[in-house]
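Labels A, B and C are assigned to the chains in the order they are written; within every chain, residues are numbered from 1.
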Amino acid sequence: MKLKEIARIVGTEFSGNDIDIVSINTLQNASSNEISFISSSKYIKDIKNTTAGAILVDEKNIKLVPSSCIAIVVQNPYCEVATLSKYFAPKIEDDSLPHAKIGEGSKISDKAEIANGATIGKNCTVLAGVYIGANSKIGDNVILYPNVVVYRDCTVGNNCIIHANTTIGGDGFGFATNKLGEHKKIYQNGNVVIEDDVEIGSSTTIDRAVFGTTYIKKGVRIDNLVQVGHNCEIGEYSVMVSQSGIAGSTKLGRNIVLGGQAAIAGHLEIAPFSTFAARSGITKSIKESGKTFAGFPLMEHRVWLRLQSKIAKLLK
Amino acid sequence: MKLKEIARIVGTEFSGNDIDIVSINTLQNASSNEISFISSSKYIKDIKNTTAGAILVDEKNIKLVPSSCIAIVVQNPYCEVATLSKYFAPKIEDDSLPHAKIGEGSKISDKAEIANGATIGKNCTVLAGVYIGANSKIGDNVILYPNVVVYRDCTVGNNCIIHANTTIGGDGFGFATNKLGEHKKIYQNGNVVIEDDVEIGSSTTIDRAVFGTTYIKKGVRIDNLVQVGHNCEIGEYSVMVSQSGIAGSTKLGRNIVLGGQAAIAGHLEIAPFSTFAARSGITKSIKESGKTFAGFPLMEHRVWLRLQSKIAKLLK
Amino acid sequence: MKLKEIARIVGTEFSGNDIDIVSINTLQNASSNEISFISSSKYIKDIKNTTAGAILVDEKNIKLVPSSCIAIVVQNPYCEVATLSKYFAPKIEDDSLPHAKIGEGSKISDKAEIANGATIGKNCTVLAGVYIGANSKIGDNVILYPNVVVYRDCTVGNNCIIHANTTIGGDGFGFATNKLGEHKKIYQNGNVVIEDDVEIGSSTTIDRAVFGTTYIKKGVRIDNLVQVGHNCEIGEYSVMVSQSGIAGSTKLGRNIVLGGQAAIAGHLEIAPFSTFAARSGITKSIKESGKTFAGFPLMEHRVWLRLQSKIAKLLK
C-alpha cells in the first residue's frame, strides 16, 4: 500500500517521496517498509532507534521523529492504527491459495476443514470438526482432537497434542476507544507459533499477536480453560494450570509454573523457574529467578504464609 | 395451553373461567396470557401491579393475588415452574420450519449447520462447524468463526464478530431443588439478543434467558472465556476482559470495564462508566457512576491501595 | 504385555517367572495382572496391602515390596510410569471396531461423528459437530448440543443434557518432569463416567482419569466453563457454578455447592452438604458435613464476615 494512500485514509498529507508500506508494526520491530505509531509516552524511548519507514504521530511528538522516518501527523495515532489495521488484514479464507498439502501417513477426518494454503505434516491425526486456517502449518506427528480451531497463518510444531474445542490464533483483545466511548477494532494481523513437543488442554484460548507473534516455546504444558493474550511468550517447559490466564505482551522465562486460576498482568517479564501458587495475581515483573510466590497482591510464598497467620491472630 | 390443563399438571384445580396461557414469565413482565409465580418474598412487592393472567402461589400468599389474576395454589410454586417450563419448551430443531434464508453475498461453509427457520443477512462469513439454531437471526456483515454455536431463537446484530468455539444462547443455570436435594431443570425458554457492532472472543458463554432476553448492547467488547449468566444486560460499549463472569439477571450500564477474572453476583445493577480492576468481586449494586473499584469484598480502588499498604505494614 | 518386555523398556531386568500385564494402576487399585509404582512417600502406606502383580520401585524402597509382587527396580519410577503409559494407550480411533449402534428414536445429525465401537441409546438428540469416541456409551433420552466432544471409553447416563462446546474425557494434566525440567506425558488411559440425570453447561471440561475413572454422580449440575480434573468424583446432586474448578483426585460428597470461580485443590475429600461461597479456595479436606465456607484461605462463612469487618475497621 502506498504511504500516500495511507495518509489519505487517515485524513492527512505528508511531504516527501512516496513509499510502499506492507504492514503496521511497533517502533522496536518495524522495518523501513512498515508504518509504526506513538500511542503512549511509555514507548517514546523507542522512537529514537526505530527503523520504521513512517510513523503515525500527533502534533506534540513530531519533533521526536527521526529524519529517516516520514511523520504522518494525526490527532489520535492509536485510533488511526485501528483504522489502518483493517486495510492490512488478510482475507479470512482465500480460494486463490493452493489446496492444502497433507503429509504422508496423516489421517484427516472428512469432517475436518483444512483451508487452502494450509500444510499438514506427516503422521498427524486430525479429528472431526477441526479447522486449520489459510497458510497455517502443522508439523509431524501432531494430534488435533475434535473441534480444535487454528486460525490462519499460525504454526504448530512437531509432536504437539491439542485437545478438543481449543482455539489457537483467535484475535487478541484490541481496540481503540474514542471520546464517545465507542470502540474501533484493531485487526490482529500477527500470528501464533507453537514450537515442538507442546501439549494444550481443552477449551483453551491462545490469541494471535496484533503484530508479530505470540510464542509458545518447546515443551510447554497448558491445561484446560487457560487464556494466553496476544503477543505473549511462554518459555520452554513452562506449565500453566487450568483456568490461569496471561494478559497481552507478557514474556515468561523457561520452566515457569503458573498455578490454577493464577493470572499475570500485561507487558511484564517473568524470570525463569518462577513458581506461582494457585490464584496468584502477578502485576509486576519478576527479576530474580527460582522463587515461589503466592497471593494477590503477590508476595513470596513464605511471606504469604506469615500473613495468613497474622490474619488468623487478628480473628482471635 | 389451557390453564385447566396446567392446573391438572401441577396437581390442583381452580375456580373461574379457563384461559389460554402461552408462556411463563416474571410478575413484572407477565401479560394476561402468561402465568407467573411467587417463589421468594423478594418479589412479593411485584404482585400488586402484575398483569399476569394466572399466578402459581402457595397457601400463605393467596390473599396477595390481585382479583385480575387467577390463583393456582400449590405447595412449592418454584418447583411447579420447573415442571411447567418443560411444557413450554420449544423443540430443539423443527423440521416443519421453512429452510434457512441466506442473504446476498454471504458465504456459508458447507460444514456449517443452519437450522430450519434461521435467517442470515447479507455479506456474512460463516465458517466450518458453526451451528445456527431454529428461528435465530444473524444480521449483515457478520463473521462467525469456526464452531461458534448460536442456539435457537437468538439474534445477532449487524457487523458482529464472534470467535471460535463460543456459545450464544446455551441454557441458563436454572433448577428447583426439592427437600431431598434433587434438582429439577427449569427450561430456559428465553433467548439472547446481541445488538450491532459487538465482538465476542473464543470459548465464551452467553446464556439465554429463562424468560425474556439476555441483552448484549451495541458496541460491547467481550474477551475469551467469559461467562454471562441468563437475563443479564450488558450496556453499550462495555468491556469484559478474559475469564470474567456475571451471574444471572445483573444489569450493567454503558461503558463498564470489568477486568480479567473479575466477577459480579446476580440480580445487581451497575452504574454506567464504572471500572473494576482485575479480579474484583462485586456483590452489591453500584449506584454512582464513573468510579473505579478493586478487591473482594469490593472497595474503591484508592481504598484498596491503602489496604494493601496497611497489610504490608502488618507484615513488618 | 509381558513383564519381561516392560522391564526391557524401562532398562532393567527381574528374576522370577514372567507374567502378563494389562495396564498400570495405583497401589490401592491394581490387580495381579497390573503394574503399579511408588512415586511419593505419601503412598508408601498403600504398598503393604497392594495386590499389584508388579511394582516400579527405586532402590531404597525395594524392601517394602511384598513377596506377592515382582519388584521392577528403576531410578525414577514416576518417569517410567510416563514411559510405559504410552504402551498401554489405546488407539484414538479404531477402524476394526464395529460400526456405532444407534438406539431407536434417536436423531443423529449427519454432521456429528460417532466413532466405531460407540453406542447411543434410545430417543437421543445428537446435534451437528458432536463427536463420540470409540467404545463410549451414551444412555437413553440424552441431548448433546452442537460440538460436544466425548472422548473414547466414556459413559454418559440416561436423561443427561450436555451443552455446546463441552469436552468430556479429555486427557488429565499429567506428566513426569526430569532433572532438566523437561516433561514427559503420562497417557491418561482411564475414562469418565457420568451417571443419570446430569446436566452440564457450555465450554466445560471434565478430564478422563489417568487410571480408573472420573465420576460425575447422579443428578449433578455443572455450569459453564467449569474444570473437573482427572480422577475426581462429584457426589450426587452437587452443584458447580460457572468458572469453578477442581484439581485432580478430589472427592466431593453429595449436595456440595461450589460457588462461581471457587476452586478445590487436588487429593482432598469434601464432606456432603458443604457449601462454598463464590471464589472460595479450598486447600484442606472438609470432614464435617453441612457447613458453609468462604475465602481463601478458607474459613467458615461467619468467620469470613467477621474478618471483613475487622479489615473495614483497619481502614478507618
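The working rule: a contact is a pair of C-beta atoms (placed from the backbone, for glycine too) under 8 Å apart; a residue touches a chain by one contact, two chains touch by 3 or more.
Please read these numbers as outputs of a predicted model, since none were measured by experiment.
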Classification of the subunit B:subunit C interface as same or different, half of numbers criterion: different
Inter-copy rotation, subunit A to subunit C, in degrees (Cα atoms; steps of 5): 120
Cα-centroid distance, subunit B relative to subunit C, in whole angstrom: 31
Shared-contact residues (touching 2 or more other chains) in subunit B: 111, 129, 147, 165, 203, 225, 243, 261
Subunit B to subunit C touching residues, read off their complex: 92-93, 111, 113, 129, 131, 147, 149, 151, 165-167, 170-171, 173, 175, 177, 181-183, 185, 203-205, 207, 225, 227, 229, 243, 245, 247, 261, 263, 265, 281, 296-297, 299, 303, 306-307, 310
Residues of subunit A that touch subunit C when the two form their complex: 109, 111, 125, 127-129, 143, 145-147, 161, 163-165, 199, 201-203, 219, 221, 223-225, 237, 239, 241-243, 254-255, 260-261, 273, 278-279, 308, 311, 314-315
